[in-house]
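You will see two complexes here that share subunit A, one where it goes with subunit B and one where it goes with subunit C.
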Partner chain A sequence: MQEKIDIVKLGGVEEGKPKKPRPKLPRKEIACQDPKERIKNFNEVALGYTPEEAVYEAMRCLECQRPRCVVACPVHIDIPTFVGLIARGKFAEAAKDIRKYNSLPAVCGRVCPQENLCEAACILNDTNPGNPIAIGRLERFSADYLLSKENGSAEAPKITHKTPYKVAIIGSGPSGLTCAAKLAQMGHTVHLFEALHKAGGVMMYGIPEFRLPKEIVQKEINYVKSLGVKVETNCIVGKTIPMDEIMNEYDAVYIGSGAGFPNMMKIPGENLGGIYSANEFLTRVNLMRAYDFPKTATPIRKPKRGVVVGAGFTAFDVVRIMLRLGAEHAEIVYRRTRKEMPGRGEEIEHSEEEGAIIRELTNPVRFIGDENGFVKAVEVQKMELGEPDSSGRRKPIPVPNSNFIIETDLVVIAIGQTPNVLIPSNLKGLSTRWGSVINVNRETYMTTVPKVFAGGDAITGAATVILAIRAATEASRAIDTFLRDPQRKWYPPEVSEKK
Partner chain B sequence: MFEIVSKKTLAENVVEMTIKAPRIAKTHKAGQFLILMNYEHSERIPLTIADSDKEKGEITIVFLVVGFSTKELAEKFNVGDEIFSVVGPLGTPTHIEKFGRVVVIGGGLGVAPIYPICKSLKEAGNEVISIIGFRSKELMFWKEKIESASSKIIVTTDDGSYGMKGFVTHALEKLHNEGEKIDRVIAIGPPIMMKNVAKMTEPWNIPTWVSLNTIMVDGTGMCGGCRLEIGGETKFVCVDGPDFDGHKVNWEEMEIRMKVYKIEEEKIKQEHQCKIGLK
Partner chain C sequence: MEITKSFEAFLNTKQEENLEKEFASALNFVNSAEFDKSMTLQNLYEALLSFKEVKDFQTKCGFFLSAFFSRECGNQTLALKDDCQIDFLGSFLASGELKIIGDAGDFAGSFLSGGKVFIEGSVKDNCGYFMKGGKIVVKGDASNHLGHFMNGGEITVEKNIYDFAGNCMIGGRIECKGSAGYSLGYRMSGGVIEIKDLAWDLIGEEMAGGKITVRGHIGKELCQNMSGGIVTVREEYKDTPKGKTFGGKIIYSNFKG
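And now, the complex of A and B:
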């Protein structure tokens, strides 16, 4: 089914022949849509490597014996092997090799903070500073190649021996999907329940189309389904199915319900019309495709002068959406400085290219409404940085008498998410901290309730896709051990935190 | 997918639909709602579960055609068709216990959701007096059904074409003036009606509960779009409610938040006029 790739013509090396790496060459940049064009559409910004570009980049890799990049990748993808396969023209094989470690490579290749993980550790940084192997882009390239060939499913590995055990997975974000894929491959029967009408979690409702096309996410989910995982959407565990029923019917339960509850600022005027939580704004735009309104049926207010509060992944996604919805002015208001911003460097850069303004050391104190009850301005206060706080970042302190007004017609609050209380409040004996973050044993991902495991944002609070995948991978091994253990031994976390 | 097993027009622009949804039917309690999507790219619209049948695995909704999505549902979907998505039961069930004498008020479309509430209240040993109000006789529905779940029923119509002439609040005032001891009032209907009921019972010190219908997206506490100030605190109607103490609701804020998409709602109606033959 695979067409012949003329690897020599692409600049690679034939299989069996020795490779002469070219680490001194500069790293291959990825083509992007022009900023002036891309703010008029929702199509993907980074266009991906051509086969030639991918082979060029792969040829730079030293294929180290003791690769530091592999250590730094949270799921320890065998990077030299898959990069080597690309250099030899085996694009589909490269992706299949990655899937041994990560079931969602097309997603991670796009949204992983590689610059702090695998790429930060690449040895080329020592000799050719700033030019590590573009591991994420290569991962994306091979994964896209495979998905375009097999539509995500045709070549799923056959599962030969089934066990008699049934596992319920709650939530279809990266963590739930990964745990489901791994357990299915181990031969267990896996049922995955998702509250929304589409599987994918934040990958579907949060991260915008222009960073992570929804078609790609759905193809990766098709692959997980092809492993035999049964996915039931429109099913809220604790509502549609009572938690007791899940506990009675399954041998083990994995909670991957994420951190979906939006934090609000709790300042006056926050319930005015035109003020959104990031979750609502993003869900309307991404999952419900409000950008296509009125072709699709869900509306969104279009800003002229948009204000986003916060500076994480979410805030930058929101500001870029505002610009795409036609805002003349869209700004981020952040109480610390650029240096403390949790958002990824690349996202900050892309946002500014597109015209987003970043206002540092500023914090809203109240929202002001017009005569119809819609927001028309934000009153903000200048901040300065004091001593480092418990997170190690310098604490912002208000500057007295520094208030001023920013005019706006749409505000989005993007100051973080915490887990929903639905599951903790429906599962007796489940220990949590800060109200809803689930406590687990660090090694086994076991909770305080026998046969219930948890991972992803549900146990950490809002984090990253790859950390959710790592938790699920490790938890799947623990679940497998637990299921096969005749005594079903339980090692719950030692909980010292008071609720 | 969720199959429609029956469809009836109860009055002009009021449609009753029974849908196959076994999981929801099994766990539904009075006061809960569902969220429905006609097609894959439709809006998510919240509707109260007006009845459920565990054995058959079916649930019933009654809805008023007000805008694009409800019109589409009423006009394009028939028995045997499948609805893309139905999720529920959502929200906290209505608090039911033996209160004594409870007046349950349903205004217009609000008559449908009070049915399971009257039923549950009666089962819990309460004396249920129901007041149902419509603009006119032609719009009346489910009178017999509500009657079967109450010990006494009062019907009001704005134009006097049936029952008592006037609003449901007039009937409530009359009951009170006649000296009936009322232990609790539950009111469901248009926001303005619920607000007026709550304002009326406040000086009488009668606990009064209303069911709010703010704009929603997910219905699970994820978006905050349904948020509203209740007793000085922001609450998420979809999970903390939809039932709240009517004396604590910030009705002015409710009014504003219901109007957020006025312009867009008009726009989609016009845009699709030709395509699906909306009036």
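And now, the complex of A and C:
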């Protein structure tokens, strides 16, 4: 039974009574573990709002008539409605409302870059810059409340109409799970295939426990399973099951295999021991819990002085893990400046609080090994910024005769990922660009192979969880339309013959 | 044949290969039906709701109601019930005025060539799809692909519009009093879009012609792969990163006068 909430005591507004917004109040900061304490453990850093704090923050929302936050949200969550429900003490209902648009609210509340999306568009920024409604934190609060009170899966909507169509989904990351949940709600039979032994994709192997607890991810996966989705782990499509079998057995196939293939520097010494790709390093720590070795089966090199190359989300996750593994000195080496860093502001701030050093305008040119073949130092070169390049960021230019050495015993390369080539190489006729990024029709998410759709990082290269969810949501609608179309019309992407 | 029986027969027909043929089929069923001359669109809608559990009801019902209204014309009001989304409301209209109270489903006012569709609530995807003339007024929000392939007429949205508004638009006018989502005017080659508040990332993406004006804040990657047309945004966003352009014009204005 749902617990009774005394909303007046919490500072909110009773059901049926008009709300008097308090936009001039300062934004409520979220409680975090102390930096000195948290670098000794892998527990979640941000502790979340209490009900009082959530109601306080929700009461700041103006509930605009024409909410800008909704258009800026890639999946167009009805933000004023769910914030209004929190202000009225209806925490579980708020999460259920979010789930209409986003099947993974507890995940997005933690890892979505809200400061560049919904919160950037909030109207409160106009009068008081930097003080928007903490939408992400409220999303997290309501989703956690629902998961803790009702175990999440109990809230799964009943599916009344069942269609005769079967859909295979390859990959169980945010994109695959979202597409599976949406299609299951539409009444289709959905089978989800995951190569690893645990479902969740990048949420399980890529994002560390202190930023996204695996228990939360598991609860979200349980919710998707409760909709009737069958999840098959340890199954590599193209190896364990031939692609032809999938194509024959299912009415439609959705590829949401993500971007799990690391980019490397291609500089001398990269094959030395003690140099990891970010994917390998994170998989060892997050999925295989190498930080607990020898209690767990997977080891990891524990550094004294660690270096991370790159400054995206992954790089900041890696540097913070290094500190938790006991590194006395861990630094980020980045060829541009802080302004151009793709990492989230909050992550950069947390990393520095924990003792990470950020070395700007520096780029590795070679790795130096010891007599045993392990890395002992990195030779780096100073950079300066030129004109903006195609990504809109200023292009780094090397400064001649500026090389110097950084001593290290562990290097992690975190300069981006691309999709794995396994599926494109096993599916005849599938058009790709840059080797493995799948070409799709931007409106229908159809690939060049009939009845095969794709979405998420597999079609864009490494991006954010919310963009993967958006692609999956739109693709699920396109798949449903395709399945119900008696003629099964196919609109492939326009692919240049020269490519 | 009684009109509900006629609808039941239409509901059991196989979906036609294109939307025009489906509408023609619906019109045939309406023409062959017998009904009281005093029957209004509202009466018919309420009678048809008894079939709402049947597969494809939301599409077939929309076509049937649109066919009935096209035949009867005049000015009519339709109050929708919340629990059942109806697609294709006010489609293929050539004259008359239809007022819809409540939230319309997908393809509201599609293939409109004249008349007026007034929607008191919000609309889902593809409102004004292949519209050639007439007017659509939406009091609430409009979801993705508003005015998809629109060739004429006018759409006014009082609140926000979501992604891909004016997608592949050739002519006509879209006016939004709130904000617009991603990829506004994607692959647009003609017509006018005016947004009173902000528009998010990828304004004028792959745009080849026409005119877009955004009076509020703008997102990233303005005019990515643009080859023609004019995009007008506020002067203060001159430094916002632009996408790669091959033609067309970006005007920075202070919107005075």
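Everything that follows uses one rule, which is that the second predicted complex is superposed on the first by the 496 of 499 C-alpha atoms of A that agree within 3 Å, B and C clash if a C-alpha of one lies under 4 Å from a C-alpha of the other, contacts with A are read in each partner's own complex, and residues count from 1 in each chain.
One rule holds for everything that comes next: contacts are C-beta pairs under 8 Å (C-beta built on N, C-alpha and C of every residue); 3 or more make two chains touch, one makes a residue touch a chain.
What you see is a predicted model, and the numbers here were worked out from it, not measured in a lab.
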Comparing the two partners subunit B and subunit C, which touches a greater set of residues in subunit A
B
With both complexes overlaid on chain A, does A:264 touch subunit B (first), subunit C (second), both or neither?
first
For A:401, is the partner it touches subunit B (first), subunit C (second), both, or none of the two (neither)?
neither
Contact-wise, after the overlay, does A:121 reach subunit B, subunit C, both or neither (first, second, both, neither)?
second
Per the contact definition in the header, classify A:373: touching subunit B only (first), subunit C only (second), both, or neither.
first
Which partner does A:294 reach: the first (subunit B), the second (subunit C), both, or neither?
first
Using the superposition on chain A described above, determine whether A:233 touches subunit B (first), subunit C (second), both, or neither.
first
Quick check on my understanding: which residues of subunit A belong to both its subunit B contact set and its subunit C contact set?
none
Complex contact set, residues of subunit C against subunit A:
14-15, 17, 55-56, 125, 141, 143-145, 159-164, 167, 177-182, 186, 197-198, 200, 217, 219-221, 241-242, 244
Residue numbers on subunit A that touch subunit C, as the complex places them
65-68, 70-72, 74, 76, 121, 161, 388, 390, 392, 442-443, 474, 477, 484-487
Flag every residue of subunit B that touches subunit A in the complex, lowest number first.
23-24, 27, 37-38, 41-44, 68-69, 72, 84-90, 217-218, 220-225, 227-229, 234, 239, 252-253, 255-257, 259-261, 264-265, 267-268, 271-272
Contact footprint of subunit B on subunit A as seen in their complex:
195-197, 233-236, 239-242, 260-262, 264, 266, 270-274, 276-277, 279-280, 283-284, 288-289, 292-301, 372-374, 420-422
